[in-house]
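A, B, C, D and E are the chain letters, set down in written order, and residue numbers restart from 1 in every chain.
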Amino acid sequence: GGGGGDTASETSPSSAAPAASSSAPAATKGDGTLTIGTLLPQTGNLAFLGPPEFAGVDLAIKEINEAGGVLGKPVAKIDTDSGDTTTNIASQSVDKLLAQKADAIIGAASSSVSESVVDKITGAGVVQFSPANTSDKFTTLNDQGLYFRTAPPDKLQGRVLGDLIVADGSDTVAIFAMQDSYGTGLADQVQKTVTDGGAEVVERVDYDPKAADFSAEVTKIKSKSPKAIVLIGFEETSKVIQELVKQGLPASKHKWYMVDGNTSNTNYLKMPKGTLKGVKGTIPGAAAPEEFQKKLLEVDKELEDFSYAPESYDAANLIALAAEAAKSDAGADIAAKLAEVSKGGEKCKSFKECVDLLKAGKDIDYDGVSGPVEFNDAGDPAVATIGIYEYGDDNKYGSKAIEYRTGNIAG
Amino acid sequence: MNAVPEPAESKAAITDRAAHLEGAENALLRCDELIAGYLPGVNILNGADLYVAEGELIGIIGPNGAGKSTLLKAMFGLVNIRSGTVLLKGENITNMKAHALVSRGVGYVPQTNNVFPSLTIEENLEMGAFQVPGKFKERFEFVAELFPALKERRKQRAGSLSGGERQMVAMARALMTEPSVLLLDEPSAGLSPKLQDLVFIQAQQINKAGVTVIMVEQNARRCLQICHRGYVLDQGRNAYSGTGRELANDPKVIELYLGTLAKA
Amino acid sequence: MRRAVIAFTAFLGGLIFLLAGPAHAGPADCQGLKGTLKLQGQPVNGAKISVTTEGGQPVQEVTSNAQGIWDVQVDKPGKYKVTLDPGSLPQNSQVRGGNNVRTPTVYEGNCSTVLFALEAKGAAAGADQEATGESSFWAQAAQLAFEGLNLGLIIALGALGLSLIYGTTGLTNFAHGELVTLGAVLAYAFNVGFSIQLIPAAILAVVVAGALGYGQDRFFWGQLRKRGTGTIAMMIISIGVAILLRNLIQFFFGPQTETFTDYNTQAGLQLGPISAAPKNLWAMGIELAVLVVVGLALMKTRTGKAARAVSDNPALAASSGINVDRVIRIIWTGGGAIAALAGVMLGLSQSLKFTMGQDILLLIFAGVTLGGLGTAFGALVGSIVVGVFIQVSTLWVPPELKSVGALVVLIVVLLFRPQGILGRRERIG
Amino acid sequence: MRDDTMDETTGESSDESKDAAVTATRKAAALEAFKDMAREPGVAKPDPILVVDKVVRRFGGLTAVDVEHVEVQRGAITALIGPNGAGKTTFFNQLTGFDTADAGTWTFNGRAMSGVPAHKVARAGMVRTFQLTKALSRLTVMENMRLGAQQQKGESFWRALVPGFWRSQEQEITERAEELLVRFKLDAKRDDFAGSLSGGQRKLLEMARALMVGPELVMLDEPMAGVNPALTQSLLGHVKDLREQGMTVLFVEHDMDMVRDISDWVIVMAQGAVIAEGPPSTIMSDERVIDAYLGAHHDAPLSDTELQAQLHDAEAELEAEIEEETQK
Amino acid sequence: MDWLTIFTTTVHAAIGWETVVYGLAAIGVNIHFGYTGLLNFGQAAFMAVAGYGLAVTVTVLNLPFWVGIFVGLGAAVLLALLMGIPTLQLRADYLAIVTIAAAEIIRLIFRSVQFKGVFGGSDGRRGFNGDFYAMNPYPEGRYGIGPIVFDERTLWLLTVGWIVVLLACGLVYLLMKSPWGRVLKAIREDEDAVRALGKNVFAYKMQSLVLGGVVGCFGGFFYGLYNGAVQPDVFGTEMTFFAYTIVILGGAARVFGPVVGAMIFWVLFVFIGNLLAELVANGYIPFMTSIQVGPIRYALVGLGFILLLIVRPQGIFGDKREIAIDAR
């Protein structure tokens, strides 16, 4: 538990117990089969980003098993739905995964959802590995060393986005942020960078993603007539856009910026041509090799968005490698090795390549599709890349970013 | 359940079902051995018989809870009949829906909940004439004459009326259609003596005009005075039947049902 | 207008800069601060900029080049202080907002951009802004009132259907929200799946939804009524129906947000202080027409009165010769159709999602209750009050709490008029 | 019969002769009190339990109640009669706190009662029944009855938790209720839900339940409408018993036989106002009362001959009508 | 097909924390709605204020666990008073909408940015259950029979949870058998009649609201303790709806109705979900993807409830006769 001073310290001994003891009792010891559970959005307002994430994990596991599995056995996978914050599907899914003795859980995508289950998962001595959580909160979270992520904290994305806005010359900015730990956290970062850079945030609206409509929110922004409008949210952004256009704040007159949660190739297709023309969006992740996207399409041929597919793929690979390195499929053992396999050693780029090195007794440094993935002490990537994408006339962004910015999370 | 009171010296007592049904062949409306009830497994009517010839005025009396209202409701399709038959002009109308009976010329005034509270008096009466909207104006004038209070208050919602005023509305509503058979469940209850008179006279008048009337009353003596024949219902079956006068003077009936308070 | 032009040129400028940028903007070759100075779209040459560390130690002084660009490389990441010398600016120009000092942070291997927005002196920005601020309050209020009306009318359609069904059958139908969704999704299916233009698609959807409403009563609710299921049990069953329908819709429609292909993201017209998309105006017209027509039909027509009679006392209605089942079926058909229309309108003015009906159900209930249970015009009035309140209250409360305002009003109104705005008191005794 | 009020009066009521004697005294006392009283609306009573002043209740344009002054004598049976819509029920509603009067004051036992909430009115000893009955449908008849009893220990939250506190009292209450149920011919329905009673049975339950309260003044709104005559008769005996036990009864009724039989005093209302007062015999021959309320047969039910005559008239009328129609 | 998992998760659900949480919520609803007839659709709010009361006290104010419990209880009582004073005068259907509205207001305030510092916005609060598990007497390990095992934490929560559930049932049993409970049931049927019998209806309704709220608030505690977190959106109207469904499933106004209802509810829920997931995962339902399992599961659960209620409209323990009586 994060929380305040002394309670947190009182919490840790008791709740840390299962984690610490996980190498002792039978159940958490590991049963020889690495079981990976996924807790990713099949429903809810992030569901449109579920497919690439599932595809990433599926592809990785397919490759791992083709390469002979982990500890000599094929990796087992259990898919569950994370829903969104408005349901407690995630909690039930976790119960189910724990009951089925998952050793590591990949997910959730939404930071808020992850936050709601992290105590439960880590309390049970299981690794939680999110491919998409970008909220800064997880950096400081008390997770007994069991929480990891391949997605970079929003410190970086916020910095890049803020700088982009300032560089584009907008001195008045409105921020429209979904009200949850991701949305408000990212908005805070953007606001800070933008203000430091010399522009003014003239209006900031933290909205309820479940709101029936956003006319009042947009009216608020309209009265300030900002040069740039930052849209931070998930799927509901398309509703916001409609309202912006309706109330006379189109992208052609005000610069719109989007983020990883709503930069999508599927959500805005029906809008009139050119509605999103010139809109820029940021998505964490380095340029993925084209061949990787091809492989993903083999797994799921309907993929349109690829956000967080590389991160998911890397997450599964890293877990498998850590299990190999630890020679155990128990959660705590995997967690103990994760940082090690991510950095400092012989570089390798795929599970097969890495596992061969491991088997040869070498220390490895897995460099993933999403970037170099080097875990710091908090289980966050230390360095990461943010891609800046731009929408074209067809309301889609190209698969290539117009720019990638790499930076240290710590600054 | 207690047994039906011993029919001993009463000559009105029904000892022989066949005898009672004498003359029932040409009845306009006829119920045979009705068994009906509300709750599963509990029968309220236990084989009630009744017949009415065309143009007759029939009175039904009996203690509280005897099943009088249930009998009317069963005939009118508002309570499920579990066995037995109801015939109207030879047609089997057992368990037929109420609205279908209305179109066959049957009218009914319930004992309780007999107005539409959120409708105005006028609308209540309009509902009474639902199947014959063309006649509304004419019939409205007619009932307005009977109960002048209603015309004054035509725009008042029935839900805010006094008990007696409701009763008037209920009665008037049933008179909107000019039915050929009229079932009245305690039409005089709650009315002032003056209006009670009116109700009884009206029942007779309507009957004289050719309408067959079946009337349940606790104002039993008055009822027996005007009716051609009467039934005494007890515990869901007919205990006595006979002409109004016979019943009114039958010592057993007096003792058990009529009492001596209102001396004839 | 001028502002917009400026913004636009700035935007173009930015674009050129960016397009030129990427080729060399590799992360490694930049660690420092940079910026571009522009006045009304024109680059400002020769402006002096000095960079110091946070502690005040001078790092470098530069002047902007012909493109207005300046650039300072630093050795160490960290916070810096950037000062623009106002004296070096072209005459008659100044830094907007007056502050000519910035304190950006430089991160390892990255360049941070610093912005000094310039404006012509004597633009009398202050006074100007205040004036617009004032008028913008009323402009905002007007816009919000319009939005409120727009929302309120949709709620009213939903409320009308709900209140009709509640009125005649006593059923508090928690699945009504799903009937709304269903209408929208059906129209979507016709519109997108069969590529039918939205207007005929909507008409088809309303007709189909009406038929489904009929079927629902015929094969489901009617049967339950026949078996004597109590109203409370039916209410709970309706919760089950809501869950069933909602998830079936999700199964077929998917969990995402969608929009119709026609009239999508329509640009607004400026009507005085209000900007409204033409589709909103049409929708509101249709909604109002339907509401008034149905309301009058209930008051004036025989079937309408029969519906009220059935709601009061079904047994007595039957005794009066009303075919109760038929009336209820008509109401279900109409209620389903009206709910579907509400869904189409909601989808048109916002967007479609499988939870869209569920999300406004509470508002629908609030509208019905506020107006007075079971009265058609009450539903209309109540819903509009709810809609307008939700939107207009955002002038004072944060938009995320906008429903709170409306719900508080609901509670307060019911405290003083426990029977709702148009409802009537019951008689005791 | 064991009632709260009983202990004060007769103690054991098994002694019949004593009972009869007491009956005589009470009735005589009541009659004595009324003997020389003026027959005018609002007349002062020697020992009023209820005194009402200037009570007005309007519904929109309609003045439903406008009572200048009225008093109800303690220990007597007073009937309140009047045409339908005269305002009798509305008047009851005002007095018992179920509706708020637009104006007026009234005292019960000398205690001001205007504005007092309904339950406090009942606790003060003034209990009413409803014309349109209010059976507690999904409670059994017995539970309905038990609910009427006052000062139940087990009705407070904390004591309810310990059955020991209220067991014995419950026992007593049940006994009392059983006796009343026998009287009201509802004993066979003891364990049935009140919602399954017939119209008349509900009336009976309504009254019996009110008596469980053991009130000082019981206000019955048409208690016998819909109750079968034989039972009515036996219940009248019971009501008279109540008077003997010191209870005051105020009742609304349209059944003149009953009014004549049991009431000591009659108050007549019309169009919201009290228009006449007096003993039953005088009242029933009062012109105004006959006009407004009783109609043709005020004294006795129609005899057969009268009936025939009436019928004849009606027939003639009808024939004339038919003729008229055919002529048209 | 992993039948074992399906079986064990289902059994877990039957006695698991969800059953405890929803069972308690439903016992509260049963007191409100089943016994008193109060259509309180804001039960989730009671759970929310309790959960947040505990969470905020512990995490924000840094006070001990027990203080948190008392703050939570106090908050529930306070909420009942606040919600009750204006709403208990309203007719049942109006009460329903007002309580839904009140619950939504509370949820929206909990999730608002304005009060993020206190309530944590839409992410809620975490990390307050340490003291609870510190009291755990069970040594570390796994407990259970065969495949049905719990770790010591869950076992501890369930032990306390079920004790509270049983205590609540005992309380309800004692109260509803007593005259106090009789008054509640009478209020459910007709308030005016109860008022006429001298009971302070408002006071009883308030007691019922407080009691049901307090029982329900324990559901909020256990939710927070098990999940280690409280979030505003969990306490939405859906939670209240589920509680009502549970009450009806088990049989309204029955002591064990809510508990058995909760078991059925969760068994159905978990069983359908897991069975379906397994079927899809093993390719038995080729036209469905695992992504579609979620909605179909809910749809089937909805269907299950509908069927159960059609087959047994009175619920498991309900009395068919009671249902047949038209309460309208």
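Here, a residue touches a chain if its C-beta (ideal position, glycine included) is under 8 Å from a C-beta of that chain, and two chains touch if they have at least 3 such contacts.
As the structure is a prediction and not an experimental result, all values here were calculated from the model.
Among the chains present, the centre nearest to the common Cα mean is that of E. Comparing the centres of all chains, each the average of its CA atoms, the largest separation from subunit D belongs to A.
Across the two candidate interfaces, C-E and B-C, the one carrying more C-beta contacts is C-E. Per-chain CA centroids place subunit B at a distance of 60 Å from subunit C.
Centre to centre, using the average C-alpha position, subunit A and subunit C are separated by 28 Å. If each chain is reduced to the centroid of its CA atoms, subunit A and subunit E end up 33 Å from each other. With centres defined as mean CA coordinates, subunit B is found 77 Å away from subunit A. Counting partners per residue, subunit E has 108, 111-113, 192, 292, 294-295, 321, 324, 326-327 as the residues that reach two or more other chains. Shared interface positions of subunit D, defined as residues touching 2 or more other chains, are 89-90, 98, 130-132, 196. Touching of two or more other chains is recorded for residues 42-43, 47, 179, 206, 208, 210 of subunit A. Across the complex, subunit D is touched by residues 1-2, 38-39, 61-70, 111-112, 149, 160-165, 167-168, 186, 189-198, 201, 204-205, 208-209, 218-222, 225-226, 255-264 of subunit B. Only residues 302, 305-306, 308-309, 311-313, 315-324, 374, 424, 426-427 of subunit C touch subunit B when the two sit together in their complex. Across the interface of their complex, subunit E is touched by residues 96-98, 117-120, 122-123, 127-130, 134-139, 143-144, 146-148, 150, 152-157, 160-161, 163, 166, 170, 193, 195-196, 209-210, 212-213 of subunit D. Residues of subunit A that touch subunit C in their complex: 42-45, 47-48, 159, 163, 166-171, 179, 193, 196-200, 205-208, 210-217, 219-220, 222-223, 225, 227, 235-236, 238-239, 241-242, 245-248, 250, 253-255, 266-267, 270-272, 275, 278, 402-408, 411. Every residue of subunit B that touches subunit C in the complex is listed here, in rising order: 76-78, 97-99, 102-103, 108, 110, 113-119, 123, 126-128, 130-131, 133, 157, 159-160, 173, 177.
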